[in-house]
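Here the structure is laid out as structure tokens; the discussion comes afterwards.
The first chain written gets the first letter, and so on, giving A, B, C and D; residue counts start at 1 in each chain.
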Amino acid sequence: MSNSNFTRRGVLKSGAVAGAGVALPTIFTASSAAAYTNEPMGSSVTLGFNVPQSGPYADEGADELRAYQLAVEHLNGEGDGGMMNTFSSKALQGNGILGKKVEYVTGDTQTKSDAARASAKSMIEKDGAVMITGGSSSGVAIAVQGLCQEAGVIFMAGLTHSNDTTGKDKKANGFRHFFNAYMSGAALAPVLAARYGSDRKAYHLTADYTWGWTQEESIVASTEALGWETVNTVKTPLAATDFSSYITPVLQTDADVLVLNHYGGNMVNSLTNAVQFGLREKQVNGRNFEIVVPLFSRLMARGAGENIKGILGSTNWHWSLTDEGSQAFVKSFGTKYGFPPSQAAHTVYCQTLLYADACERAGTFNPCGVVEALEGFEFDGLGNGKTTYRADDHQCFKDVLVVRGKENPTSEFDLLEVVEVTPVEQVTYDPNHPMFAGGNLGACNEGA
Amino acid sequence: MLGLNKKDTRFLLIVIALTLLTPIILQPFPEGSSLAQFNAGYPDLMQRFAIFGIFAIGFNILFGLTGYLSFGHAAFLGVGSYTVVWMYKLLDYNVIWGLPLAIITSGLFALLIGFVSLRRSGIYFSILTLAFAQMSYNLAYSVLTPITNGETGLQVYTDDVQILMGANEPQSPHFFGIVMRENFWVADIGAWEFTFNNGYYFSAVIAILAFYLSLRIFRSPFGLMLRAIKTNQTRLNYTGLNARPYTLAAFVISGMYAGLAGGLLAAMDPLAGAERMQWTASGEVVLMTILGGLGTMMGPVLGAGFIKYFENIFSKINEQVLRQWFGFLPDGLEGAVVWVAEYFVGSGWHLTSGLLFMLVVIFLPGGLVEGGQKLAGLFKRGKSDEDIDDPEHQPKQSPHVAE
Amino acid sequence: MGLLEVKGVGKRFGGLQALGNVNLSVQENSVHAIIGPNGAGKSTLLNCFVGKLIPDEGSVLFNGQSVLGRTPHEINQMGISRVFQTPEIFGDLDVMENMMIPCFAKRDGAFRMHAFEGVENEKELVEKAEQMLIDVNMIDKRHMNAASMSRGDKRRLEMAMCLVQDPKLLLLDEPTAGMARADTNNTIDLLKEINEKRDITMAIIEHDMHVVFSLAERITVLAQGTPLVEDTPENIKGHPKVQEAYLGEAH
Amino acid sequence: MDAILLQILNGLDKGSAYALIALGLTLIFGTLGVVNFAHGALFMIGAFCAVSLQRLLSLSFETVDPTRTDFLGNPLKVKTPYIESWFGPETGAAIIDWSVPLAILFSIPIMLLVGFIMERGLIKHFYKRPHADQILVTFGLAIVLQELVKHWFGANPIQTGAPEAFKGSFDFGVLLGFDPNLIIYPYWRMVYFGFAAVIVAAVFAFLQFTTFGMVVRAGMADRETVGLLGINIDKRFTIMFGLAAAVAGLAGVMYAPINSPNYHMGMDFLVLSFVVVVVGGMGSLPGAVLAGFMLGILESFASMNWIKSMIPGIDQIIIYLVAIAILLTRPRGLMGRKGVMED
């Protein structure tokens, strides 16, 4: 069916609305004027920040939103510029993106793939967003990434840790700055082996959904490669609140390490429960019983209080890093909001800058141009050291932080300490690695 | 006309007109104006209005007519969606295969659940349906991932078989080449912009058919029996009628409506998430029905529109927008107003909807339809009594009694 | 052989013998009253006829067929209609809708999926229902909400709903309870007329002796779950046992 | 054997929470005839009473410590709770440490007040409305309450620890002749179970042995008659509602150390507690308690590995399966009465 578009929307509208500075929605229509979905016609460009505002991850969503607002300020030349000053690419001028003022719309993903897609669609269809970003869970990221691929806009993933996001569900229009489960495993395993010995017996509790499985698979593979034995892997329902009935069976095995493949409220509860049941004081074969939380989130860790002390995990970024970029970011975020940013805030700030920079370098908002500019892009100064956006799967490759719950925190934010920065080489994998196989990036879609 | 009496025909025609003109009606504010935020005439939301309207219409056949409160209808919604996406994966993107099958599978599923659940009544029935739906959701999210793709939601991959896929076929859901997500016309009239979307009109036509069918059911002997079940099952039994097959039929029909709605969701957007089956989704359709007006023809549709509007429009109003609106106020006052308003919009949209549920239930026990009638009554006071008669021409609500 | 043959029916609730060895025969086209003091088991017996209770022993034959083990709606379809002590009507529906339901039940049986044709297009049944409303003098109330009517009207409506089914046997559970004397007399006339014009057999449970003696052709007196005697009104009036067990106390 | 013993303990613990919530829910339903979807929210408010008290007690003044710096490199502002400066650091710290048990006292007046306001302001007007309306209005209220809590406290779980004295666990195994460290149980969970038992016993005693309770029980059995007796049932209803709110609130207070409270914990428990109430039989207090413990224990058993390996996913659905099985075999739940909520 042909699109009968009788109006010359661009011509008609540019005069009427350009002055008002509003981007015009043109999604899904073959418009004679727009070369690609939601091509910004006026003096501004609209980005869509799609974050959880309700549901269990709402606090992370709120922190992401703060970082987005900060990023928009910096892009528009307000504030102190944050990491724009330390970013290795100097394409950004502080005059918006490609001279257009950056505006944004926000939406609530509710941490449900349906709601997230509805919200993203409304940004694309109604508000004319040319890029969608955000999210705090993998299900949502994958769902929205798929949508953006179909609609022909760029998706810059927020916090998503599942291997699938850049594995079996990777999409040409989607990019992930955050690290993934495989990297967590690859970074953690050597540290675990070095500290706890290479003959440990691990017991896994795993949230019973896709992300949990990929993390369990990754950790099992990387620890077993170093000589650990996996005693058991037990799936726990997502809706579980009390994990006592999953923790007590651990007591009856000869396992001496408990790996909690949980996130958010699940992590807080399972860790608290594990500590309640005295697992940290437990001795097995003359050695201390240990608990590992492969994916740490400082925001969430607060809910577990002092239970996280001494527990090893990995994280994408932490505000206590002392490199130039991190410090600049913490300074401008902390000055504005009064507390340090979370890893979720950091990753979405980076994603926004990276997108803007790619547009500048490509000289267009056209998704295909952006994809080309981002693929294989090497950069530095965004808090993670030298980083590459790999062209094969649109995954960022950078150093991974192994962290530990701090024994003597000096403030309510000072919960984690970095014990090791695992170099990027150690966490790099082949794009066709079995854990990531099965997907197909496809071709970039510019829509319209 | 169409087997309806004059009044119903007029009613149906009004509904058809409203449905077809939705893209215009929901876009009352010019683009670029600060009120454009409240426009709802974009394809995704309009599709949702139509689809959740179907869901609520079907649910009303069960709950509104028989009084059996099911807390598990989201399960049928989910089954419908999964069926359609599976048809995409196995055959091709033409929705013609999936939609009828969605109705059939959800109907069979409803038959199974209904057969068991309808052995009990009252809250025991509600809990049985809730239990079945929660089991479906929990399993779909975890153990059944090979079928449902769990957390991510079922979607089409490039390596799926798609045996009927033609060379030039669109790579997204379509109906014999009419691609759902495409607009056939985007009209710019002055500062206004109206989007006429294939998917919306596809859903709208189905919604009208669904509405028409439900109108016929309401006016049929079968509908009469269902209402009789709600008011007095004892008398029904002693009048020689077997309530069970009637309730079961109503349950299955409303399950099929839910399956159709679920299928359409997947027809508009080829992804089926497990959250569709969660109890909150079942609760949502209950809210829609009661909010709009239980047992009325138009109420559930209004309720569905109301809730989806809040979810999609209010959640998007953020601080930036508020500051824009209230920027004309003096600084201190602006801050205060924005601070208060932030409770209710953006992430506070749940709060607003919770308050509205309460207000509607407290002051308009008959739902929005009752509110509309009261309003109409005010305007029509001068006219004869007969004109005030509502288009629903419902029997008067009996006094509400707790037990 | 009567239309309703009750043989040796017994029913106990826990330790209580509610009914014991009840024998009773309701002849075709007759009006048969069952009387007895409170707690004599009249309602229990009635419930055994309509499928609400299943007796522990004995048999209940209607038209030569056993009703035991059948559900209320099956028994109704066999031709037994029941009027309740407190009228059971469809309160949320209007009078005409109340009348249409038994019409459909009669024509279509216990279940039929007729979900597409409008109720108002069933001309034949509408006429039948309207005629019945005319007969019971309620045609002017046909659009009234049933719940909003007076108790007497509700009872008349319920009776009309039963009659429109042309039952072979009509069971009435204290049809004049709580009525004023004038209404009671009207009801008696109505019932007489029904019995005579429509050839409907009736079994009545009643407290009011005036009603019983003006209507019944045969009377069964029940006391403590067993029939004391079954006879014509004239004989019952003078029966010493009855005087002693029932009338003596009451009057 | 030891595994089963442990799961029974776990089940009793979970069951305690279910039973306490279900008890209040069925109390409200039995006496007032109201289906209260906001009951989970009351549980949540109770837990946040504990959080609030902890915060109140740790209200601090700031002193600047120039030797240390905060995350921005500015001199660190050290917070000292007022209470520590008033009572001395050790007593002060001990008071803060005991904030959860103290919150029991703190929460009772608050929960009673919340209950009274809810009943007088809202629920009262819904006694004669259909159950569907009650569900909708209380559901709306639950959303409002939880959103307000979210606005104030955020969405993340907030750690609210038990007093130091209750940390650690008790070794049951040694007591029963097993190896040490095989069957251990955290002290606080045992406290929770004991606490639940006391509350349940207190509610039953109250209903059994006081005149007030007798009237209420009579009201549960036959509301109309009690109304006819001319007893001022309204006032008693208000008190009952307050009581039910207090029970839910106390359950929440004590639950706070077991799982860190978050704003949606009420909704998490709502569906389960309704299942519990219905399985127990609507309006039956012993039924609710029995069903609570039974479902708690069954849920724990279902999460055992060998059962899970036999029937994958069984722990996800066990409660619902049991609910279905019970409702099909016992039409009105374990101890329900005829005619309640069947229309």
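FYI, a contact is a pair of C-beta atoms (placed from the backbone, for glycine too) under 8 Å apart; a residue touches a chain by one contact, two chains touch by 3 or more.
These numbers were taken from a predicted model, which means no experiment stands behind them.
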item	value
Farthest-lying chain, centroid of Cα atoms versus that of subunit A	C
Centre-most chain, if every chain is reduced to its averaged C-alpha atoms	B
Approximate Å spacing (C-alpha centroids) for the pair subunit A, subunit D	35
Rounded Å distance between subunit A and subunit C, as computed from the means of their C-alpha atoms	74
Distance between the centres, which are taken as Cα means, of subunit D and subunit C, whole angstrom	53
Distance between chain centroids, defined by C-alpha means - subunit A, subunit B (Å)	33
Subunit B residues counted as touching two or more neighbouring chains	138, 142-143, 350
Residues within subunit C bordering two or more other chains	none
Multi-partner residues of subunit A (each touching 2 or more other chains)	54, 58, 62, 208, 235, 237, 239
Chains touching one another, given as label pairs in label order	A-B, A-D, B-C, B-D
Residues of subunit B that touch subunit C when the two form their complex	3-5, 216-217, 219-225, 227-228, 230-232, 234-242, 245-246, 249, 253, 395-396, 398-399
Residue ranges of subunit A touching subunit D (in the complex, touch as defined)	54-59, 62, 208, 232, 234-237, 239, 241-242, 244-246, 248-249, 251-252, 265, 268-269, 272-273, 276-278, 281-282, 299-300, 302-307, 319-320, 330-331, 334-335, 339-340, 410-411, 413-414
Residues on subunit B engaged by subunit D in the complex (per definition of touch)	67, 69, 116, 119-124, 127-128, 130-132, 134-135, 138-139, 142-144, 279, 283, 286-287, 290-291, 294, 343, 348, 350-351, 353-358, 361-362, 365, 400-403
In the complex, subunit D residues that touch subunit A	2-3, 6-7, 9-11, 13-14, 17, 68, 70-73, 76, 150, 154-159, 161, 167-169, 181-186, 188-189, 258-260, 262, 264-265, 268-269, 299-300, 303-305, 308, 313, 315-316
Subunit B-touching residues of subunit C, taken from the complex the two chains share	50, 71-74, 76-77, 81-82, 84, 88-94, 97, 100-102, 104-106, 108-122, 145, 147-148, 158, 161, 165
